[in-house]
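So that you can tell them apart, the chains are marked A, B, C, D and E in the order they are listed, and the count of residues begins at 1 in each.
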Amino acid sequence: MAGDFFILMKHELIITVIIFTLLLLKIGSDLSNKSLLNLVNGLLLLNLAAGFIGNQPGMLFNEMFLTNPLIVLEKNILSLGTLIVSLQSASWLKQHEHVAEFYILLLCTLLGMFFMISAGNLLMFYVGLELSSIPLAAMANFDLGKRKSSEAAMKFIISSAFASGLLLFGISLVYGATGTLTFSEMASHINGSPLHIFAFVLLLAGFGFKISVVPFHLWTADVYEGAPVAVTSWLSVISKGSVLFVFISVLYTVFKPMAATWYNMLFVLSVLTIFTGNLFAIRQNNIKRFLAFSSIAQIGFILVGITGSSQLGTASLVYFVLIYVFSNLAAFGVVALVSALTGREQVSDYKGFYKTNPVLSWVLTIALFSLAGVPPTAGFFGKFFLLLSGAGKGNYVLITIAALNMIISFYYYLRIVKAIFMDANEQPIERLTIPGYPKLAMIICVAGIIVTGLVGYVYDYIHSLSFGF
Amino acid sequence: MNYSSYIALIPLLPLAGFVLLGLFGQRRFSKSAGILGTLILLAATVLAFYTAYNYFFVSGKVNGVYQPVIALQYTWLQFSPGMSIDMGILLDPASVMMLVVVTFVSLMVHVFSLGYMKGENRFATYYAFLGLFTFSMLGLVLSTNIFQIYIFWELVGVSSFLLIGFYYDRPAAVAAAKKAFIVTRFADLGFLIGILILAFYSGTLDFGTMIQRLTAGDSSQLAQMTGSTFLGISILSWALTLVFMGGAGKSAMFPLHIWLPDAMEGPTPVSALIHAATMVVAGVYLVARLYPIYQLNVSVLQLITWVGAISAFLAAIIACTQTDIKRVLAYSTISQIGYMLFALGVPAYSISSGTGYTASLFHLFTHAFFKSLLFLGAGAVIHFIHTNEMGQMGGLRKLMPLTHLTFLIACLAIAGIPPFAGFFSKEEILMTAWQSNRTIYYIALITSGITAFYMFRLYFCIFWNKPSTHHNDHGEGALNMKLPLALLGVAAVVVGFIPFSQYVPVDGRAKEMTIPISFSIAPVAVALAGIGIAWALYYKENQRPQQLAAAFGGLYNTIRRKFYFDELYLFITKKIIFNGIAKPAAWIDKYVVDGLMNGLGIATTRVSESIKALQSGRVQAYAIYFFGGVIALAVVFIYWWK
Amino acid sequence: MNGSQIIFYLISAFILGTAVLAVTTSKIFRSAIWLLFSLVGVAALYFWMQVEFVAAVQIIVYVGGVVVLIIFSIFLTQQSGSEMPKPSLKRLLFAVLAVLFGFAFTYNIIAQYGFTPAVVKPFTVPVTAIGEQMLDTKQYGFVLPFEVVSMLLLAAMIGCIVIAMRWAPKGKPVQKPPYPGMNGKSANIPAISKETMEEKIP
Amino acid sequence: MSSIPLTHILFVSTALFFIGMYGLFTRRNLITMLMSIELILNSVNINFVAFNKYLYPDKLNGVFFSLFIITIAAAEAAVAIAIIINLYRSHRSIDVEETQEMKY
Amino acid sequence: MSLSLLIILPLITALVLLFCNGAKQVRAMALSGAVMQLVLAFILLFEYWQQRTTGNPGIMLFEEDHLWFTPLNIHYHVGVDGISIAMILLTAFVTVAGILVSWSMEKLNKEFFFLLTLLSMGAYGFFISLDLFTLFFFLEVAVIPKFLLIGIWGSGRAAYSAMKLALMLMGGSALVFVGLAGIYFNTQTTGGTHTFDLLQIAQLHIPVEAQKIFFPFAFAGFGVFTALFPFHTWVPDGHSSAPTAASMFLAGISMKLGGYGCLRVATLLMPDAAHYYSGIIILLATIAIIYGAFATMMQTDLKYINAYSSVSHCGFVLLGIGMLTKTAVMGAVMQMVSHGLMTALFFAAIGMLYDRTHTRQVAQLGGLLKVMPFIAAVFVIAGLCSLGLPGLSGFVAEVTVFMGAWQNADTLYRLATILACASIVVTAVYILRAMGKVIMGPLQVEGSGITAQPGALLADAGWNEKIAAGLLIIGILAIGIAPFWLTELITK
């Protein structure tokens, strides 16, 4: 039992240990930022490695904590993402005064996500969700002197609180209607009466808020723009990914009896999301804001995949999130580096980028191509499988809309590429030397972008763990 | 009996010359290209004559009938089983006759050009092009397959283009070359569609098979083609008309004749070869090739008759007013080809004995010699005095005695004065017309008179009229220019005596063709009258021609401006095709189709701009939208969309 | 209508009335006080429902913690007596409409669902049971969320400290202030206040 | 007390929920917005407790849930206030209408 | 021989290119890679012939089949038939020529050749794919290099054109995707799984109703690549802005991707729907042919002329496919090959002219035959091929299409064929107009600051350009003079 406990909860335990180590270090010693970063990155690497030890299914604390190979994989993906974010924010953190605190908060949110993913119970889910979002608000404010940063944090915390208010109301209704908080017991009580639909909509809004589904997405761009790049990338990749994992399992298991209803809802929402994300993204000048809207559009595509409600859907989603981790973090890696070293974040600043920084340009370009879904990058495979699983339901209207929206998304990704390669600039970003950690992060990302797609085994493996109905 | 071994060389030798001179000529053979080309062609000519000898006198006849011989054939492009473009060599009286004509005239032109084109910048290229043309023309006449003929048809077109545009830096030459190509291309469109129709219904592209299938009385293909109609006209008529359209284009028949006079921008020997003796008669040859099929279709034959007759007449009239000697000759060519065509067509009006066919090809044969002679003579003149304008010539008979003599022979030949070659062939044509349709006969007769008139107008203007103002600085030309004139002069006299109907009859069975002397009186008289008028007007320099022109006034101008055909075409191309179709098409593409695509992009950005207010930056508004979204979803999915 | 019912409706009226006042009054300090009343009313409702422990927690955390926190922050950021700016009419209208419609809709759905109360069964919430269950790992145990929430509190605390702490201008070396005690959430409130108060007072 | 139908309590909680929402929508002061959120959370708590008491009295799920909500709400409020104070430092105002630098 | 070599070789070349230093190394590497591709293509051709003559009856030869994504039954499945080999040969020819033509490319030459090589890899991959997924994969692989090639090295409104091209092609592939998804979910193999495998799908007979729904998507999607009216507008802008080699590639190869795709979809995957929709296809193709030809007449920029004429010429491909007779389809394939070579040659010639005169405006040029006879000759040959001169490849292909088209006895189809035939006249008009002005007439080079004197700036073609043009001309002649080998290759 005890051994099981440690194996089943290994991710959470390790993260907790790291958090307390950092806390103690912060209080007890006076480590330099540099050595702190080395230490943390080392620990995160260990964490990642430890994630691969043992992945049997199991449950603890009376179904409050569930785990299975898929969940382990999901956690590993998040750990990997965390490591990458950590590596690439090194150049920003080096000058920051609250490195340890940053990591504590970051890892707390990661811990929250882990619990959320493993939750077998609405209470655990809620607690995990809050643990993964409240510290994030504080993190969004980590550029302490910047107006935008505090504005972002404010918007985030207000929106988040409001969203969790609605979510809680929904949970309370679910509780009222079913009398249980445990997922496994809940499904049999759900029957699609108006109250259930309403409760589901409220829950959906709560999820939608976290993963930025239109119309619950409005905070996204502002927060992304204002928050430090590291936090933005964290928000856009890890935070979203974790909620997606939960979302799909809640949809596929708890709300399975309402599948017909939520299928249509997701249909509407995905179309709205893709359109809105795309239409806003084409106008953006701030590159973080741009990535925010593009990530909204990506969520739209993910929703399309989710509508497939099959094993294929789950597998494609997890696969896509993995790819998304690599692609989006590669993009954010470059953006973070440029932002940290020069403070420039406008798309127009990237004009003529290729002349001065060919390597960074290629990394960014590959990342954007992957986001756009251009082969041979992994993004192509991810998007292809998502849309394919969406098509499995036979709703070709949705697929056509999604596919045609790819054109718009293609446009704005290429806009950046165009700026990098083709536009002239009076004052291009000067030649930057890439520090070690960000470089490592970029290498990991680019390798991931290329390997994840072309190597069919990755998808096969994920598929073998997935579920559907 | 195996002909293939050497007959294939006849077209291939010039081709080899083309490749050799085209690739290396300018660098390696810039001086010797002419000799090289001529020698190659000489070889080809010898082979051609040998073939002709062999065919006509040794082995061509089986049981008294000239058999078509497929000397060589291989599949070039297989469309579907049974339907393929074959490349091959077909020997029958007509093709062998053409073989002789083409090689001989071409050889003459090669030789003549040695002097005429001497010192030209692109001397080797010129010979390369001549080689290409000769190859294409030989390929054309030897075709076994209707698509083969089309292929070489196009190739002669392009060689003609290249040669007309030989002086490429002269805009007029370029324009003429373009015009020639495009007009004939337009005609070829008809040809192509005609081929498609014929091929579809007869199920073959091979001449022999096609003729066999479409002439046999009980053939299902024929029944199908005559049975089905399009716009009230039987498919067969459509097909034959369209094929004839190709022929008419290449032969510069009314109303597609406009390119030929302009084509005179090319070097004069080229005009002699292509635009007088060989390529332009391809139309006649084409109709002759398919004659068994045409024979069965009266309406198309009538069409051919009238096209031929009108061309002959109109061109003759126009020729009377032209002052550029080459243009006069060009119109005369049109006129003579008109003769040949209506000779082919006119038997439609009566039960024919095949005399039209023979007469036409006979005229083709004789015409090749005297017309190329005329052109080469004109070339010699032009070479001598460096102008084409009649007005600047006169009194050259002393300076260019040989040219004068041969030119006179040629003029007499074309005027139909016995015993020159033209007399015999023209008599046969007139005879055929007389037997079939009198209207045509009278038109032909008048045209013949006019022909005599304008030819002698030309002759007098060049060699008599006024005393020469030119001084003899370089003589009449070297041997290489004189020799062809002499040879052709001889030919223009003697070829008329060949009993043509024995060798080139319509069905391979030799016939006797006799023309009573009494019949010849009228034509010869008319011709002499024409010569007489020309003598009266142009023998000496005087004011009568101008007075006459003034007397006719508008009519004269209309004719001199070639009945405003060029203007009409210009109107059609510029105003209708360019401004009416092409411009709108380009406009639509730029503004409508492309505009639609760009418009989609613009619309997207517009929409994007217009909804930006949703992202107002106010967190309270966000919350309201958030809640609005929740309520909307709930309402929709609870009450409407269950 | 028995006494219990009357009390319920009174409490309800009190909660809603003070809540409405809390969100409409134009003086921020009064607003906070109305909120306090409303929260107390909710606590009273818990008492009425005989879940005394929750009521107690409500009073301790909300009345003793959150509202105090809010009032402090009002002091820090606002002249307490001044009127608050009014929202635009459009916004007001929208909000009223949205809220009224939302309320009608929601309540309609809830009312129509027909919650059927369980067979009357004693509902007792002994504090000991709560305490035991809270730290129980077995059936009905809530130790895991409890631990997770403690992590959340830790994180929130650290977050608050970092954000609300006075920051040094960029580029200068930072003197690390010692951490305040770590014995619970309430401990960090004075820390914030102290730091910010110094800044606030010129 | 059993004569009070569940729906009446739910009426109170729902009303409280929307009152809070109204405050959130209309209050321009960030702190009052925060207060509105507290109202919303309280309404949820009432729901949980009421459901637990009326419908599923054999387990204490609802009660526990409300306890956790209270705790988390407090933490949330603390962070929010920290952020608001920070915002006040940079903006010299906590009027929500004045923090809309980032938009469109 | 392993077909994967066709993908691996360019890939390796491209990767090695990244590590080359200096222009000399880079282009030597690129060229040797391309030449090896050419050799490979020829080896393939001969081995294929050998197999066929020994009587190998398979639909596809040299098949390789690896499972790629098990759950979706996606395979890496390659194989070739005569059509693919023809296209591969075309690609190899154009690649070598393209690299030679851009020999003196100075700006970012490593990247340039890298992208060119990548593009050729995409084309090879596409042509050998037997799995719709890999087909789609390579289709899209080829889009991005085009975007970059045009955008970075292009002239004029390069960025705009690049964007337009990329977006329209992407739109095309989006449609293709929907079509593919529809096909996929309408296949039910014996194992119960769906499949992307072309050959299997061909045997499975997708339900006709499904075909009717998805055929338009797939066909129009591929159609965008091959300039199906009204989705052709990327062609003029894209081609005219692109650098020479990219134009050659674009018109020579990548428009063929679409044609090839259409062909496979119409003949292999959804023949019933192809019959059902053939009227519409033919209508659009005829519009493209005629309207493209007329629009060409009004163009004043040489590249625009060739680009619009490509629209017209690619219309023949679609016409052939739409007619659905064996001969017409064969004609379509021949037209693809022929147009690929011809248009590449044309663009090469235009590029050479532009390099020397710095203008492409017809009105500003004249009589260039005098100063650069070789280039002029190339121009003339390309032009003549374009207008369908016998002896050059264009004629053979067009005639085959016409013959095949005419086999449809329907009057409207006939009318379409006649209209298509009529385009040969219009083609002659615009080609001769351009040729007559640029090559012939008085020498003139205006608006470029270059005096019209034969000299260093107006030099004739260099060795690289000569080889490039020569290579393409050989290809054109090989088809034009001896078309039987190609027809045998295609039909066997």
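The criterion applied here is as follows: contacts are C-beta pairs under 8 Å (C-beta built on N, C-alpha and C of every residue); 3 or more make two chains touch, one makes a residue touch a chain.
Just so you know, these numbers come straight off a predicted model, no measurement behind them.
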Chain ID, smallest distance between chain and overall C-alpha centroids: E
Per Cα centroids, the chain farthest from subunit D: B
B-E compared against A-B, more contacting pairs: B-E
Chain centre separation in whole Å, for subunit D relative to subunit A (CA means): 27
Rounded Å distance between subunit A and subunit E, as computed from the means of their C-alpha atoms: 42
Chain centre separation in whole Å, for subunit D relative to subunit C (CA means): 7
Centre distance in Å when subunit D and subunit E are each reduced to the mean of their C-alpha atoms: 64
Residues of subunit E whose C-beta touches two or more other chains: 167
Multi-partner residues of subunit B (each touching 2 or more other chains): 601, 612, 615, 617, 619-621, 623-624, 627-628, 634, 638
Of all residues in subunit A, the ones touching two or more other chains: 123, 127, 130, 134-135, 137-138, 141, 144-145, 153-155, 158, 162, 173, 176, 194, 198, 221-222, 283, 411
Chain pairs in mutual contact under the definition given at the outset: A-B, A-C, A-D, A-E, B-C, B-D, B-E, C-D
Interface residues, subunit C side, partner subunit D - complex: 2, 4-5, 8, 12, 15-16, 19-20, 22-24, 28, 31-32, 35, 38-39, 42, 45-46, 48-51, 53-54, 57-58, 61-62, 65-66, 69-70, 73-74, 76-78, 84-87, 91-92, 94-96, 98-100, 102-103, 106-107, 110-111, 115-118, 120-123, 125, 129-130, 133-134, 140, 142, 145, 149, 152-153, 156-157, 159-160, 163-164, 185, 188-189, 192, 196, 199
Contacting residues of subunit B [partner subunit E, same complex]: 26, 75-80, 83, 85, 147, 150-152, 154-155, 158, 161, 165, 168-169, 171, 173-175, 177-178, 181-182, 185-186, 188-189, 192-193, 196-197, 199-200, 230, 577-578, 581-583, 585-586, 588-589, 593-594, 596-598, 601
Residue ranges of subunit D in contact with subunit C within the complex: 1-4, 6-12, 14-23, 25-29, 31-32, 34-36, 38-39, 42, 45-46, 49-60, 63-64, 66-68, 70-79, 81-86, 88-89, 94-95, 97
Of subunit A, residues touching subunit B in the complex: 154-155, 158-159, 162-163, 166, 194, 197-198, 201-202, 204-205, 208-209, 214-216, 218-219, 221-222, 261, 264-265, 268-269, 276, 279-280, 282-283, 408, 411
Residues on subunit A engaged by subunit C in the complex (per definition of touch): 16, 19, 23, 26-27, 30, 60-62, 64-65, 97-98, 101, 104-105, 108-109, 111-112, 115, 123-124, 127-128, 130-131, 134-135, 137-139, 141-142, 144-145, 153, 173, 176-177, 193-195, 198
